[in-house]
Every structure is written in structure tokens, then in C-alpha cells.
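Take a look at the structures listed below.
What follows is a pair of complexes built around chain A, which joins chain B in one and chain C in the other.
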Partner chain A sequence: MESASTYFSGFNINDLLYLGEAALRTLWISFWAISIGSFIGIFLGLALSISRVIAYTLGAVLDVFRSVPLIIQLVLFFNFAPIIGLRLNPFEAGLIVLIVYTSAYVANVARGGIEAVGDPMRRAARSLGMTYWQDLRYVVWPIGLRAVFPAWVGVALGVLKDSALVSILGYIELLKASQILMTRTQEAILILSIAGAFYFALSYPISYYATRLEQRWSE
Partner chain B sequence: MIKITNLHKQYGELEVLKGIDLDVPKGEVLSVIGSSGSGKSTLLYCINGLEPIQKGQIIVDDIDVHASDTNLNSVRQNMGMVFQQWNSFPHLTVLENVALAPKIVSKLSKKEALEVAEKQLLHVGLGDKLTQYPSALSGGQQQRLAIARALAMEPKCMLFDEATSALDPELVGEVLDTIRLLADEGMTMICVTHEMGFAREVSDRVAFFHEGKIEEINQPEELFGSAKSKYLQKFLSKVKT
Partner chain C sequence: MDYNFHWRPVFKSLPDLLESALLTLEVAILSMILGILFGLALSLIRIKMTGPLKWFAVSWIELARNTPALLQLFFFGFGLGAFGIHFSPFLIVLLGLTFNNSGYLAENFRGGFNSIPETQIRASLSLGMNSFQTYTRIIIPQVLRVVYHPMTNQMVWAVLMSSLGMLVGFRELSGETQFFASKTYRIFEYFAATAIIYYVIVKIILGLSRLMASRLFKY
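== the complex of A and B ==
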């Protein structure tokens, strides 16, 4: 009878490269989800701040995406997309769900920023002859951004880590790659530690530069 | 300069202005007094087009402010407005605060905008604060900054909405001095104010608002000295003059 060890092979340098490559995929899907999701979220936040009716209706829709666990959203969307004629690979399906998820969170952050600026400030800007868009661009944006930037960084870091859930669709990002290697090497603690270190290495620069930026603003 | 005929303004069911007729010629300083809720501030918001009106007409410098084809942004460029809360832009230096609108609204070059801003800041006595941020300024200085910011658009008239109400008493004087300076230079102004001494001293005319109407309007000596309306008499007996 053969020993079990022949089915498994130890962790080697190629596996580390494999994890590194997977970390880049995590970064790739997160980058697009955060960028596009934030862009859409800002406009949704603007819509939320415009009228009470929009705040209630759109707000309720966004609450669905914030309340239903991401893993359920991923599975539902990935399986129902073909029914409405969308042929999506795991990356595309995962990215779309992450974008919607991110924009739902960013919308509320953005609304908070707009409210932090306040009507009296905006009235003062308009009284100087600024147009609606000039007021948004030169007054609301810089003041509101400073007010909610830490909250936005929190959302971005959350999405970076939550992107791990896309693994259940079969997209081989950092977590999925770790699972594959764990099955082969049976070295769960080592591999999860490495994967954790990669997640930290992806997150830390974001929080580091965010803190630096906040310090510069507060000077 | 500013001509208002039969102005009516409602917030929903609440009628705030009930038929205002007012003519402010060029160079006049008009003070508006009255108790809270009498519609004084609303009048200024309507003149500036920040609030829509239901009936009547407001003509500023030959332009019908509330006509549908009027470009409000260009109307507002000719009208400086200073609010109770100074609303300085916290992310910009004092100089940038004043230079912003000339740059993006009047489309001056950066250099020209900064020159205009510096000139107006010297004008209001903030020449030594140019590179500071508003957070380092006192309330009185921030209100003077707001005045300089409005002046940088080279307005033809100025609207002051209780510009000193939010200030500590010891800071009121410096802001009133700045407004007085503008009056001496011949700026057309409407000042909604609670400072009776100021209204009496600086204004050419004083209007007393009561329940959305101009109850009495006259030269300051007449209005404060021999008030005809019983509401005005009652109001004056309550405030320090």
C-alpha cells in the first residue's frame, strides 16, 4: 500500500510565485471594483442628497446590497446572469457584484460628505456666482472629501478583503490559490500565513498613504 | 439700482413676504430692522435669487432677477452677499478663499485673481493674514474675509444678512467698521441688522419689517426719533438703541 505522502508534495518556491500572481489578481479585481464603484457611488451619493424622495427609494435599494451577505449576492448573480442572457466568466461576474457592493457603501459615505459641507456653505458659494457644478467641484468636493476620507478608506480596505469571496465563483485570486495549495501540500498554517501576509502587504500601503494624506490636509 | 415691486414669497403654506415694494437707488445704504421671522433675511435671499418668489418682480441693475431667461449666476456676480455665518472655505488659505471666485467665475488668470484678492484683503485690513488658513482667524476676521471675498467679484451692490449676529460682542466693531468703510465709498447696500446704533449712524434710510411687510421706512432720525407705527414703537422700546 502506497503512503499517503505520494499524493501530496511540499511547499516550494514556485508555489510562492503562484500565490504572488494570485495576490496580483486580488489587487486587479479590487482596484477596478474600488475605482468604478467609488465613481458610481459618488454620483449615487449626490442623488441621495438632492431630494428626500430619492433618498428613500434609492436608499432602500442600496440598503439591499449593503445588507445581503456578499457571498449570497455573488452566487445569486453568477447563477442568474445566464438567465437574462449574460454570459459572464467568474472575473466579470465577481467584478460586477463587487462594483455594485462598493458603490452602495460609497454612496452613503459620499452623502455624509455632502451633508458635512452643509447648505449655508453652498449658498455662500452660489452667492459668489458659482454654478451648481463649480460649487460641487471647488467647494463641496474638497471639503466633503476631507470629512469622509477615512470612512472611504475603510470601505476600500473592506472591499480588498471581501474580494476573497469571489473565489467561490472559481476566480483564482489569493484565497482560492491558497485553498488549492493547501489541498496539495497539506500545509494550511504556512500557506494561510503567507496569504495573510500578502493581504497585509496590499492593504498597508493604502492605509499608510491615507494617513499621510490626512496629515497633510490637517496642517 | 434695486427695485422691488409687489414681492410675495411663501414657504409652502407660510407666507413670509406679503407684498414688498422697495426702491434702493445707487449709492444708498438701506438698513432693514425688525423682529425674527419678519422676513428680513428672506428678502435678501430673494434679491440674490437663492430663493424663488411667487409673485412680483425684483429688478437689479436693469435685470429681472426672477425672469425665466435670466442667468442667475451672472446676476449674482454683480451682487455681493455676506451671511450671518461667514462660511470661509476651510481648505483654502485666506488669499485663495478670495481668489477662487474671480478665477473660476470671472475667469481671471491666476495672477490677476491673486492680485484682486490681495487688494480686497488689504482693503478689509487682513493684509497680514494672506497665507493663513481660516481656522487661524477670529470670527470677526473671518467675517471680514467673507466681505473681501464678495468684494473681489466687484459687485455693484452688497447684501448683508445679519453679518454681526454670530460674532462675540467685542468683534462686532471691526466688522461694522468695514461695512462703514464701504458705505463711505458709495457702495449700494442693504443691511439686515440687529445693530440699531449702526443702522442709525450709517444708513440713508431704515426699513422696519413687521409680519412680512414694510411697516415703516424713513430716514434714521425720523424712524428712530418719531416712530409712527405702534409695532415699531414697541420694537424700539424692546431693543437698545
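== the complex of A and C ==
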């Protein structure tokens, strides 16, 4: 007669390493999602600010990604990809969805930044003989960045936390790893606390630093 | 592309999906109401008090803001089992969302309260108002103006986050969708329909909030 303890084994040091490794994977997928998503998002934001027609059409498309839960987007894309003949592993599918999701948010932030600079300032830059790109690079970028940097950090941290949802596709990041460990060790509260501590350690320093930076800039 | 779309089962179960959408709305609205109450309390504690109570409020706010919502749901769902506390799926989602909303709303409220200069309180007190009148007639109307837009956003977030209920066995819109999807294997079709329903819900909320804003902020 076997007892239940045969099937479950307690939490040990290797599991902590396993969680640490999974935290790195969370960081990895969010790093790429935030970098690529922000890069695309800035250009989308630029497109949004150029003309009213683009703002309405492209804006409506981007709006969809902000109005549908990420978890639905993930399931939808993961099941849609094979239909059109794409073979994606959970990491690739999750990353693509996260990139689109990030860029939809960053587009709005970037547009806010560009609008914060204002037309008179940009006209002044052009009158001084700057080209369109010089105006963007040396006038709009530094001023706009200051205006929306906190909002961008908010988006980036949101993506870091939302990357937890990629676990439903089977990518073993921090939350999926803790689910696996919970099943084995039956020590839910301990493992969830450790996973929470990892997320907190990733997210809090950035948010703290951003708040400090914002305060310094506003002085 | 050799995939045949079958939309008929989706149309057949549309009434069920819409009914579960009401459950989504219910949990989102309840968590918002509770979140506003707790958020108000937390922000006032954080501004006015010192000692352990402030420490408690700050850790609530920072934990809610720096860990994934799904982790918070798991904590209420599985973590508290260690203390012999077991909630129904509805309560897990409600408590998880309330915890999350309170943290975010508390920071919004704090920003709102900080935007009112101290001199206004002194002015209204010297006009002979008591502190209750000061708050209800001078402070709150102005704070409401500042926090109204973030509050609307939080409401949208609450609806989107409630989709996580799917992962803790709550049959709101997403959970119901998953139930039907696994029953019929029409995963893509069902989740596409659900995405549309979420989009419509979000648009209705934003429209109503704009309508309410035009009534509330006439002055």
C-alpha cells in the first residue's frame, strides 16, 4: 500500500534554481516583446500622428488589441497559425502576440509624446532648416520622450507581468514553472510566494527607478 | 489552407456565451465597487498615516502593482488552501480582481489627492465649512475629475482581467468559451466570437463613461 507521500516530494534547493531559470525565461520573452514592440510601436505612433485618416483606420485596428483580453488573443493566434500553415512553438507564438500587443500600447504612448511636442515647436525646427528626420530626432524625440517616459515604463512593466499568460500556451516561464512545482510538491503558498517575489524583484526596481527619474525631470 | 470553418455551433451557443458575458460584467463591476472603496481607504492611509497601517497599505499597493494578476488569482485560488480557506471560483476571481483594482486605484487616487493644493482645504475651513463639507464639496469633486479617466481605464482592465477566471475554473465569458471550445473542438471559431463580444463590451463601457463624463463635468 503506497502512501500519498510517494507521489509528492517536498520543495528543495533545485526547485529554487528551476524557478530562477524560469524567471530568466520570463525576462527573455518580455525583453524581446518590449524591445521589438516598442520599436514598431514608435513608428506606428508616428503614423498615427501624421494624418487623421491614418489615425482613424490604423487607430481602430490597434484598438482591437487593447480591447480584447491578452489571453484570448494568445489562444486565438495559437490556434489560427496552423490554419494558415504556420508551425510555431509556444515561445514564437507567444512572442508574436506579445509584440503586437506591446506595439498597440506603445503606439498610443508615442502618439501622445509627439502631440506633447506641439506643432509650433516643430514648425520652428523646420524653419531653422532642419529636415523632417532631424526635426524628429533632435526636437520631437528628446521632448516627447520626457513627456511619455513614465507611461512607456508602465506599458513595459505591464508586458512583463502579462507575459505570465504565455504559460497557457505551454511556454515554461515563471508562472508555468510554479504551477508544475505546485502540482508536485503540493505547497502552493510557498511556491506562489517565491514566484511573486521573483516578479516583484523584476518589476519593482524598474518602477521605483522610473518614479525617481520622473521626479528628477519634473524639477 | 485545408481548414473548414464551422460557425454553426458558435451561433447555437451564442445565448449561453452572452449570458456568461453578464457574469463577466457582474464580477468586473463588483470588483470595481470594492476596489474603489479599498483603493480610497488605502490611498488615504498612505497619505495621512504612519506606522504599521501605512506599511500595510504600501505593501498591498506595491504587491498588487508589481505582480501579475494571474499570480494574484492563483494565490487566492490555491495559495490560501494552506490555511484551509477554499473559495468558490466566483469568489477567487472577485477577490483577486478586487486586490488588483484596489492597488492600482489607490495610486490613482493618491495622484488625485496630491493634485489638490493644501491651501484649498485651509480656505474652505476658514470659510466655516467643517472637514466633511470640505471633502464632499471641495476636494472630492476636483479629485473625481482627475481620477475619472484612469478609473474608466481600470474598469476596462477589470473586464479584461476577468478573463483569467478561465484558468481557475470560473465560467464567465472566457471560461464558458473554453468549455464549448473543448466540447466541439472549434477553438478558433469560439474564441473569435468571444473576442468580438469583449470588444463590444469594452466599447460600450467607454461610450457610457464618455456620456457620464459629459453629464458629470458640466461645470
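Going forward, the second predicted complex is superposed on the first by the 207 of 219 C-alpha atoms of A that agree within 3 Å, B and C clash if a C-alpha of one lies under 4 Å from a C-alpha of the other, contacts with A are read in each partner's own complex, and residues count from 1 in each chain.
The rule is simple: a residue touches a chain if its C-beta (ideal position, glycine included) is under 8 Å from a C-beta of that chain, and two chains touch if they have at least 3 such contacts.
Every value quoted in this text rests on a predicted model; they were computed, and no experiment measured them.
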item	value
Fit-or-clash call for chain B and chain C when the two complexes are aligned on chain A	fit
Per-residue contact with chain A, leading partner among chain C and chain B	C
Contacts of A:G129 with chain B and chain C, given as first, second, both or neither	first
Partner chain in contact with A:G10 - chain B first, chain C second, else both or neither	neither
Which superposed partner A:G170 touches (first chain B, second chain C, both, neither)	neither
Chain B versus chain C as contact partner of A:P120, first or second or both or neither	first
Chain C, chain A and chain B - angle at the middle CA centre, rounded to the nearest 10 degrees	100
Which of chain B and chain C A:A188 touches, first, second, both or neither	second
First, second, both or neither for A:N79, with chain B first and chain C second	second
Partner chain in contact with A:I143 - chain B first, chain C second, else both or neither	first
Nearest Cα pair across chain B and chain C, whole Å	21
Set of chain A residues, in rising order, touched by both chain B and chain C	none
Interfacial residue positions of chain C with respect to chain A in the complex	1, 3, 62-63, 65-71, 74-75, 78-83, 156, 160-161, 163-164, 166-167, 174, 177, 187-188, 191-192, 194-195, 198-199, 202-203
Chain B - residues contacting chain A, complex	48, 50, 73-74, 76-77, 79-81, 83, 85, 87, 89-91, 100-101, 104-106, 146, 149-150, 153
Of all residues in chain A, those that touch chain B in their complex	120-121, 123-124, 126-131, 134, 138-139, 142-143, 146, 217
Residues of chain A defined as touching chain C within the complex	64, 67-73, 75-76, 79-80, 82-85, 157, 161-162, 164-165, 167-168, 175, 179, 182, 187-189, 192-193, 195-196, 199-200, 203-204, 207
